[in-house]
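What follows is chain A paired twice: with chain B in the first complex and chain C in the second.
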Partner chain A sequence: MSLQRRETKLAFWFLLPVAVVLLGVVAYPFFFNVYISLTNWNMFHFRDPHLIGLRHYLRLFAESDFWMIFGKTFLWTAVNLVFHFTLGLGAALLLNRKLPGRSIYRALLILPWAVPQYISALTWRGMFNSEYGAVNLILAKLGWLGLGPLSWFGGEWSAFSAAVITNIWLGFPFIMVIALGGLQSIPQELYEAARIDGAGPVRRFFSITLPMLKPVLMPALILGTIWTFNNLNVIWLVTDQGLPADKSHILVTYVYKAAFFYYRYGYAAAFSVFIFLVLLLIVQGYNKAAKAGEAY
Partner chain B sequence: MSGHSTTRATRPLGQRLGRAWTQVWVHVLVWAFVLFAVFPVLQIVGISLRPGDQLYSTELSIIPDNATLDAYRIMFTEKPFMLWMRNSVIVAVGTAVIGVALASLGGFAISRYRFIGRGAALQGILMTQMFPATMLLLPLYLMMRKLHLVDTLGGVMVAYVATALPFCVWTMKGYYDTIPVDLNEAALIDGCSPFQAFVRVTLPLSAPALVITGLFSFMTGWSEFMVARVLLTSQELATLPLGLESLFTTYQTEWANYAAGSLLVSLPVVVLFLVLNRFLVSGLTLGSVKG
Partner chain C sequence: MALVLPLVLGSCGRIDRSRSVVVWEQMDPKEQEQFDLHLAAFRLAHPEFAEFDIHRVHYRTEDLRTQYQTAALAYGGPNLVYGPADQIGPFSIMGLLLPVEELLPRTEIDRFDPVTLPILDGHVYGLPDQVGNHLTLVANLALVDEVAADTDTWLEQLRETTLDTDGDGRADQYGLVFNLLEPFWLIPWLGGYGGWVMNDQAQPTLDTPAMVGALDFLSGLKQEGLVPRECDYPLADTIFKEGRAAYIVNGPWSWEAYREAGLEIALAPLPMVTSTGLWPSPMTAAKCYSVNRYLDPETRECTAALLAWLTSTEVQVELAMTLSVLPADREARLRPEIQSDPTLDASRAQIEKGRLMPIVPEMRAMWDAMRPGYQGVMNGDLTSSEAARRMQTKAVGDIERMRE
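After this line comes the complex of A and B, so read on.
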């Protein structure tokens, strides 16, 4: 038996349990969902759905809100990732220094990650309450900033900002922890050599730290993009199902509402197939970029 | 860093002052981070201690006037908190055990063996993350109903394992990649079967990654809400998120109870995180992914 055949056989047994679970719980529902997307299954045709072809997909693009929600989802993903990575990386760089009480700081900074997400989201919703929420109370104390009490969930963009702030808070510790692990594996000699060559801190960061962290951060970037793009909990819970009046949705929350509140199963299924395809394209793009960069 | 040959005393004054300034800035920044990270948590603590007439207080102080532990007492005596806790422990521990077992096996295959379809497996596992999970819910529900898994803790456990697996497999694979292959080979030459070699040699060396995988799976089971709401309908099977949310729908009256419950729910996870802190950094070698 050739080596590769032997290894394929072994790999088969090692991977079998994973495959069974993923095929059963993810792949099968996925294909079933594609089927649903081609039917007119909704509240009115609950018992007798029949195939209607691509009609839902065509309707998607004709919908007036669609491009707005689509753009907002990209904005949501981009803003969150930028802050997750800058704050996470910044915190990691700080904590990688010799600092008294470093392990305590590290423990405290992990808190947002450790608290269950739905609890954080609901708590932030309370904190953004316009009358007794802590955020407005603090803004009032900082009167000189000129930001009066804001009705956070009264406006489309302020509600969106509230959700973004919440999610930034939730997400930066993950990147911090990953970056810390990466930083510790960078050999100190590289920095010594760079210092002798007269490279300043900024130069050292861009020429040594960032390239050395790339293999650690790249998968985190891919996973982070997918998770943020598909993050249902935060927008849903912080804006209380899309306040004001379904204006703060991103794609996934919009789909969830269409499916489980308006019972438009076929339509929602088509929408989620579309989300999947968009993410597939993004990840392909990342992979191409990473391959071009050779470090991955 | 200490690699310098000059000692502190012989450095020129300017350099020493520069260093002092850097230290000051570092501390200012670290404290800004800490404040940002900790403030919402302190909010929950404060609200959980509020007496009933101060729920909508506009004070910013953390410890309210007439602080009381009433909300905690209510959670234990008047709410089925222990029942929710029991259900969540079963689900979360079950998810962690199954998740770790499966991911450690699957990750090993992808890391060690060059087999046909390896790249496809790796990409396929990642791809499962791309589909909006909520839309798998409806088909999943119908499927589970056929298998009589609706309204059982086992049913949600299966769903959670599937949710946590992709990340876990990638983490395990990344970590195995950093362990020298030779050790495993040596065991094989000594007459171990591939599975024995895996269990006796590679697995014990992978402790940090196993811890991360376990923690991640546990967290999935401990804090998932959307799937649980669809799959668990009877009151006796409600997990903590469902229970806490039931306080929140009557948000106006039970804000303090909710906060107390949240703290009790977060505490075990936070403790786990702190205890396993050092593993977190070494175990998350997501990155040593060399295709």
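After this line comes the complex of A and C, so read on.
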């Protein structure tokens, strides 16, 4: 046996335990979920589910709420990502400068990320209470601006906004940390050369900072998209399971309710497969865009 | 990997199901305290089960439901599962529960008031240790002298006790606080207007004049500013504990905490609806221990003995006296200490006007159908008649979808 072949075989044996674990915890549940989506598994067929084909998938698109929830999920993801990246990058740029008390600011800005999401979400829910919440008390103090107390969970879009505000607060430190790491690895010589060539701050940002941050920001963007798209906790806890009247759901909270409140396991599994396909398409889109960028 | 694997495996204690008797519960802290005392007494009284590791695992109500489903699906889970009777409907339909008559002799079951037993298709799927879980009117005697007996008198009291002391346009003291989000607080008034959630065939009966009347009554309280604009359970509880509300509508689990907060309270049935002459009928429910269908045969005897112990007459008397709940055991109810306790007496007065919560799985769809309509009316987004119509449509649709 040649040395190369022996090494290949050895590498295979090293990889085998990981492959087995991945098969067990990723591949098997995934394909089992696809199988469930093709069955009538629910409370009444808990022990005797049988295949019913694509009925759940057809039902999914026929449900009146589906497209609204689908659109809202995209809006939720887009708004959050825009703010996460704008605020995160902005904070990182500020913290990358020599500021007095920089480490204190950095610790304070990372704080939202360090607090457990569950606690933050419940605290924000209390803060949005129309009568006693801090947000409305502040709005009341700013009464001269024409901002009165809002019933945050009384309206579909105000409840949605409350969840978005919470998630922006929770999410931007992640991008800040990633961007700060990227900024510190950009060679200062590039900026000096650009300055000598007469490039202003805006030009330097778009021609040096942003392209140099792309390798770290792109994975963060993909992760951020997936996490935000699938963020159950914030919507579920802030809007108290979909206030008002189940109108603030996104796809994952809707699936959660179908599975664990109505015992519609087959239907929820079909929904999950759909969410997976949507995210797969988004990630593919990002990858294509990233590769197109590399061509320049 | 080679280093981590033994570490992980070594740190996981192996659970021997044949020597372990586990109770999954969703008890509040006081109930947990009582459970631990009764379990200790069981260990002393039954040395023959000394080899068994008997313990409880606490879950929140929703977690208990989902965790038990998942565990039982894999033929695992605890020996006994404890919670409100309404979770028994789905569990029994899924085939996850063992009928109690297969574990205990009939005489053990006959001890109970039959209306408190969760019976489906002729099988008993749990034994209760208490009955109640019912909403009652709780008055703060520092703000009201006498508890109103009808809604007209009550409304007058609520108007008198809702005060804006600092003149900022917001009430600083309310006549009434209660949960404006959960339809559990709507149900008593549905009964007060002559309605109920479903008929005998478990079909929804929500689009009725009774529902419209109940919603009109409750939204009227909000429109008049007699209750806070936005009020969930914790907020209502806090306002009442702070002494800033004359009344709260709440259940037996809360009364002791109000006394501990230094309030002098009076319990009374929710006031009779003057226009209909009917009493509000809160849902009542038993809390039961149910048996896992997949319990290890080796633990069967110990599980049976523990179930009988935890629902025994003595334990129920003890629970009644410490938790202000009513026993489900008939003999316990006749004990003099139970008969003469004023809190239990008030509780009994409300229970007699209540109705047992249906334990059919369709009830889940009913709650979810009522919630948006109730919230919509309380927010001012829906009229009562539109909400009632939507509740009915949603309930019918959701029940249909549950069966797909």
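Just so we're on the same page, the second predicted complex is superposed on the first by the 272 of 296 C-alpha atoms of A that agree within 3 Å, B and C clash if a C-alpha of one lies under 4 Å from a C-alpha of the other, contacts with A are read in each partner's own complex, and residues count from 1 in each chain.
Please note the rule applied: a residue touches a chain if its C-beta (ideal position, glycine included) is under 8 Å from a C-beta of that chain, and two chains touch if they have at least 3 such contacts.
As the structure is a computational prediction, the values presented were derived from the model and not from experiment.
S.K.: Please work out whether A:Ile222 is in contact with chain B alone, chain C alone, both, or neither, and reply first, second, both or neither.
M.R.: After superposing on A, A:Ile222 lies in contact with chain B but is clear of chain C.
S.K.: After superposition on the shared chain, which partner residues are touched by A:Tyr267: those of chain B (first), chain C (second), both, or neither?
M.R.: A:Tyr267: touches chain C, not chain B.
S.K.: Just checking: does A:Tyr132 make contact with chain B only, chain C only, both, or neither of them? Give me first, second, both or neither.
M.R.: In the superposition, A:Tyr132 contacts both chain B and chain C.
S.K.: Does chain B (first) or chain C (second) touch A:Gly182, or do both, or does neither?
M.R.: first
S.K.: Does chain A have more residues touched by chain B or by chain C?
M.R.: Greater contact footprint in residues on chain A: B.
S.K.: Of the two partner chains, chain B (first) and chain C (second), which one does A:Pro17 touch, if any: first, second, both, or neither?
M.R.: Touch status of A:Pro17: both partners.
S.K.: With the two complexes superposed on chain A, say which partner A:Pro244 touches: chain B (first), chain C (second), both, or neither.
M.R.: second
S.K.: Once the two structures are fitted together, what part of chain A is touched by chain B and by chain C alike?
M.R.: 17-18, 131-132, 260
S.K.: What residues on chain A touch chain C, complex-wise?
M.R.: 17-18, 40, 42-44, 46-47, 55-56, 59, 129-132, 151, 153-155, 240, 243-247, 260-264, 266-267
S.K.: So in the complex, which bits of chain B are touching chain A?
M.R.: Checking each residue of chain B against chain A gives 1, 3, 26-27, 29-30, 33-34, 36-41, 43-44, 47, 56-58, 60, 101-103, 105-106, 108-110, 113-118, 121, 124-136, 138-140, 142-143, 158-159, 161-162, 165-167, 169-170, 174, 194, 198, 219, 222-223, 225-226, 241, 244-245, 248, 255, 258-259, 262, 265-266, 269-270, 272-274, 277, 280-291.
S.K.: Which part of chain A faces chain B closely enough to touch in the complex?
M.R.: 4, 7-8, 10-12, 14-15, 17-19, 21-22, 24-30, 32-33, 36, 87, 90-91, 94-95, 97-99, 103, 105-120, 122-124, 126-127, 131-132, 134, 137-138, 141, 169, 173, 177-178, 180-182, 184, 188, 191-192, 215-220, 222-223, 226-227, 230, 232-233, 251-252, 255-256, 259-260, 265, 268-269, 272, 275-276, 279-280, 283, 296
S.K.: Please name which positions on chain C make contact with chain A in the complex.
M.R.: Its residues touching chain A are 1, 62, 65-66, 69, 73, 90, 93-96, 170, 181, 228-232, 235, 361, 364-365, 368, 371-373, 375-376, 379-381, 398, 401-404.
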